[in-house]
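Letters A, B, C and D name the chains as they come in the text, with residue numbers starting at 1 for each one.
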Amino acid sequence: MSDKINVGILGATGMVGQNYIRLLHNHPMFRVTHVAASPASAGKTYANAVSNRWLMDIDISEEVKNLTVADANDPVAASGKCSLVFSAVSLDKSLTSKLESDYAAAGFAVVSNNSAHRATLDVPMVIPEINPDHLDIIPMQRKNHGWSKGCIVVKSNCSIQSYMTPIYALMRSGLPIRRMIVSTLQALSGAGYPGPSAFDMIDNVIPFINGEEEKSEREPLKILGSVCGGVIEPSAGPLISAHCNRVPVIHGHLACVSVQFEKRIPSCEEIIAVWENFKALPQELNLPFAPQHPLIYRKENDRPQPRKDRNAEKAMSVVLGRLRKCNVLDYRFVGLHHNTVRGAAGGCILVAELLKEKGYI
Amino acid sequence: MSDKINVGILGATGMVGQNYIRLLHNHPMFRVTHVAASPASAGKTYANAVSNRWLMDIDISEEVKNLTVADANDPVAASGKCSLVFSAVSLDKSLTSKLESDYAAAGFAVVSNNSAHRATLDVPMVIPEINPDHLDIIPMQRKNHGWSKGCIVVKSNCSIQSYMTPIYALMRSGLPIRRMIVSTLQALSGAGYPGPSAFDMIDNVIPFINGEEEKSEREPLKILGSVCGGVIEPSAGPLISAHCNRVPVIHGHLACVSVQFEKRIPSCEEIIAVWENFKALPQELNLPFAPQHPLIYRKENDRPQPRKDRNAEKAMSVVLGRLRKCNVLDYRFVGLHHNTVRGAAGGCILVAELLKEKGYI
Amino acid sequence: MSDKINVGILGATGMVGQNYIRLLHNHPMFRVTHVAASPASAGKTYANAVSNRWLMDIDISEEVKNLTVADANDPVAASGKCSLVFSAVSLDKSLTSKLESDYAAAGFAVVSNNSAHRATLDVPMVIPEINPDHLDIIPMQRKNHGWSKGCIVVKSNCSIQSYMTPIYALMRSGLPIRRMIVSTLQALSGAGYPGPSAFDMIDNVIPFINGEEEKSEREPLKILGSVCGGVIEPSAGPLISAHCNRVPVIHGHLACVSVQFEKRIPSCEEIIAVWENFKALPQELNLPFAPQHPLIYRKENDRPQPRKDRNAEKAMSVVLGRLRKCNVLDYRFVGLHHNTVRGAAGGCILVAELLKEKGYI
Amino acid sequence: MSDKINVGILGATGMVGQNYIRLLHNHPMFRVTHVAASPASAGKTYANAVSNRWLMDIDISEEVKNLTVADANDPVAASGKCSLVFSAVSLDKSLTSKLESDYAAAGFAVVSNNSAHRATLDVPMVIPEINPDHLDIIPMQRKNHGWSKGCIVVKSNCSIQSYMTPIYALMRSGLPIRRMIVSTLQALSGAGYPGPSAFDMIDNVIPFINGEEEKSEREPLKILGSVCGGVIEPSAGPLISAHCNRVPVIHGHLACVSVQFEKRIPSCEEIIAVWENFKALPQELNLPFAPQHPLIYRKENDRPQPRKDRNAEKAMSVVLGRLRKCNVLDYRFVGLHHNTVRGAAGGCILVAELLKEKGYI
């Protein structure tokens, strides 16, 4: 236990923060020693601060219950208590940006769920199975800002995980993708709490999520980009068009994807083999949160389904199905991932595990 | 009242049959005088036959309650009672095909919800605002089969109405479509009753509907085809790729559509103007079930939505929204229609109204 | 048209206000000529003020679309425009109380959805089939306050309609009730908009509604009370115990009721006969919003159900079922009503119709 | 591992059978070595037999995947493979009754989910925290039937667990209950698969479950009864009246309960203390499936809720809340349990653990 790394959670009382606490319980590498939230919660025990707003379906872990909540705006309060913070604050964008920079300047590794730094040129946006090498921009990031040991790393928007890892697996196997059209059916938890009204979501779907299509189209290009001269140059392709829908599902974003290959069009069997055999750095390092199979292909014609497949390999796998020819582009398939685990807190914990393995914390 | 046309309903006790009874109540042109169902129901009053399986949210109309249910397999039972039958039987395909032909041979105009005759070369598949002229194959159909006055006309699968009328409106305005990718979010009532289990549909969606994608891709080509030498020649395009999903919505099929134009790419404003000004034969004839606006465009960025928009103009309009540029094809939009009214019984009643206006009954 | 009474709606842009506009379209007795809302909406046309917050499933009626929204705080703005206002404001209790009194003082008949005046001793709380005679306190109310022609009448909480009319029907037939235990399964629309989060209501129910049990137990006693010396004396019984649950249903409050009679225990047949034959003043006067059958008893063992029965007789009937012996009290049954029509705007319109018939407007 | 007891599952491919397989994975006392189902599945591997009907949200355990499915009608097939069978067959009542007797006669301990033997006088119906002593009828049961070592034990209907353990805890503390009225809001999984149609359960609840109210009222009396002269004499009380509703929840039966005490009426604090301190034989024996807290009382005013509380202590605790005075009886409260774990497979596994501890297997 003594060699675990102490970590903190900024925005610990919100739904994302609660997920961190749930997922980090008994983590072999990390121990939650610091929780911070808005000034209104500061000074209370975590259990009191969150009181009846605890939304997880397991109880608050004993180790966190009695931690005193600090003011998240104050990096000094975290000083000496932890070396990495997971940022799940819900402030407006410029305040979040400043707060995360302040923590980095104060020497903390910041792994963030927020979108504030996603477009920052020297901040890596990492899906651990796709671009773990982007973490190697950290020395340049530190130099750019004069930080001795802090850093900022972000995750992407949760909408893109259902299609980006399978797409990347194909690209890495010499099957580059030229363009793709994606329609998503996204879960309620992706909207935070309280999110959409039940009155709007019973016997209904909403064919719009504010800002989501833009993120779904743009963020993949940064993830597929390359570190070059101290910044991350986005990739030129593939071209992506996204339709984003909100559906009455608790967790699990589903994507209906049509893709066109850049060059050779592989067979169905070849694509499935690429997916089933796909492993990347997190698997090679055997990281605690790395699923054994980052991509699972289901042969039944009606899968993946959110409630039945979102928990595959502790909710860290992307589950695929229905690969078939497309009449307009080349192939169609369906992808699914657990948006609040793989697509949010779980994905960030895996990033943190990489940071440790790579010696950045 | 004396000049109303008497109509019958085959499969009158099922959900589709019930919808006919609901929608034909007080119809200015038609009066339900004959109801037929499986032999097990024959001889009972309609109210007894349907008993606690009545699924509509209004009561059975008084005029139908006490009709005696006939055996749907027996066209003779309908003889003298009506001149047109709406077919909503749920038999297997070859039995349905034979039954409908038997009624046509016995002199009845058959307007069918079933898929049995959709591929029959001389049977028109009609969306009244798109291809009312296909009804003019009826004299040839009669000649082909030696029928004196009967005929068969079918509706298309309910999945396609959300995109085919807006697409056709553009084509008719000199803006032909080359290809399109469609993702549908389809309602439960489209699966008939009982349809999917609640256990499968609460906190879940199913990215598969058996046979639906094939119909969604193929049937539009027949509807856009042309009558030629006694048969309907399907159109060569547009090329369509469909992903069909079942969602926990009671009524209302939603489609996310990306389209590529064949030639000139119009402006957003031009497309919306085409849609808002679109009228076709049913509107010109001012038919009872013709919506004043077959296409309604909503400017709010989160519409159309199934529960809020499915009832537009007595559930006979297609509601559109979110027209915007597509990164991969040319434009994207969202379409919605009420699958059991516009897409099923209501659409067939409108076809029957056309049949009367055109003198085929 | 010239002899219709002009009415106004206070809080016209909210969900309840929208319901009034929907239900008053083409009303034979009333015409909406005045709409008022918060100062932020004042000066806009109604269509602009409500813009994309219109929640009804039919469009805004043409007659209301272009009305200019007034500031609801200002009774003078309504002067000359209408003689009755439906109050659906959502202010805090003391402000609502004052606002409604101001309108009454300014000469308007106020029919209110709010709870602010429900406990006011000289304000009648009316369910039109139960206590229309309570309206006859109005002359005393006017005298108490020095109002020349204004008045205030309120509706009860929407939870109680599913059981109070059937209970009253029995009481009026010489079958007084001693006590009852009620468990309600209440719809989302009863919570206003936005109401509960979808995250809380998918795959879930909530066994608590703030303040609802107290209202469900106390308000019936006032309704069953008697006008006496210028105030309404609440009835001493029946004793009511209520458990209130929120369920993922859009409209329709269901109640599971166990009752104990005060004296004689009637037979099942007798109770059903009382319910089926029940008529009251609104039926005798044949008022536009009076259902022909205020109580409908369904014999199927699985009814009433919210989605299937809430619209009975334009959503103004209470639908009953499952009458059977109770092992603890005497009888059990299930009741249902449409909470936003019978239980809210529709019920208030029926009160207003009574006011007109009785000469109070 | 060598000292684990081998167990079999009859009806292993159905939803209840699947739950056994899910819950027995890595069980410290039992190992699944035999799976049996209908003749159609016999001879296949379990994975093949269940194929795409696997409904659990985790994968089939490796140890079970490759077991060959036997014909459940044939006790000989289980011979030598296991000493206890969990019965989850879905046959009609008389066939189930015979099948379970056949297994008992063949020397197997049968722990059954089915209702077939619930009324059999010498078959104990056991809730492990309430009447573990009823298992001591087994020697007499064996004698009655001439069985050398087999036996039959059953669980109760899943509707009653939410109220019977808290009621029993009070009775055991010298606070006997005279009568109670219960309204349940029951989950879909209680109806088996497929269960109710989604068309009936979206935007709806159903106030009826066939046979459920009778079981909810009668079975508690047997559980509270006493072993007497080779049979179980049911208790005379408490008198129970149940209203059973089906709601769109996946797992978790909720009950709204009003109770009247036989003698002294305790304080709120006293009742809560009784519940919080309640422990019984499973806790004393520290059995693997025994929750540390069989009864958990939540102080928040809106709990328990199905999705948030059903998994408390691995879904084996009953979660209580909202204790308050009742206007008609003495007290009201809300109870919740996970119907397919505590109320079905998990409860039976705990019974099996008791059987082992008591030396009956």
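In this text, contacts are C-beta pairs under 8 Å (C-beta built on N, C-alpha and C of every residue); 3 or more make two chains touch, one makes a residue touch a chain.
A quick note: this is a predicted structure, and the numbers were derived from the prediction, not measured.
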Most remote chain, CA-based centroid, reference being chain A:
C
Between A-D and A-C, name the chain pair that shares the greater number of C-beta pairs in contact.
A-C
With chain centres taken as the means of their Cα atoms, state the distance from chain C to chain D in Å.
43
Euclidean distance of C-alpha centroids - chain A vs chain C, Å
48
Distance from the CA centroid of chain A to that of chain D, rounded to the nearest Å?
40
For chain A, residue numbers touching 2 or more other chains are 55, 200, 202-203, 248-250, 302-303, 307-308
What pattern do the touching chains form: line, ring, star, complete or other?
complete
Seen from chain D, its contact residues with chain C in the complex are 179-181, 183, 185, 200, 203-208, 217, 239-241, 243, 245, 247-250, 254, 256, 258, 301-308, 321-322, 326-329, 332, 334
Touch list for chain A against partner chain D, complex:
51-52, 55, 57-59, 202-203, 250, 300, 302-303, 307-308, 310-312
Complex interface listing, chain A residues touching chain C:
55, 188-189, 191, 193-203, 248-250
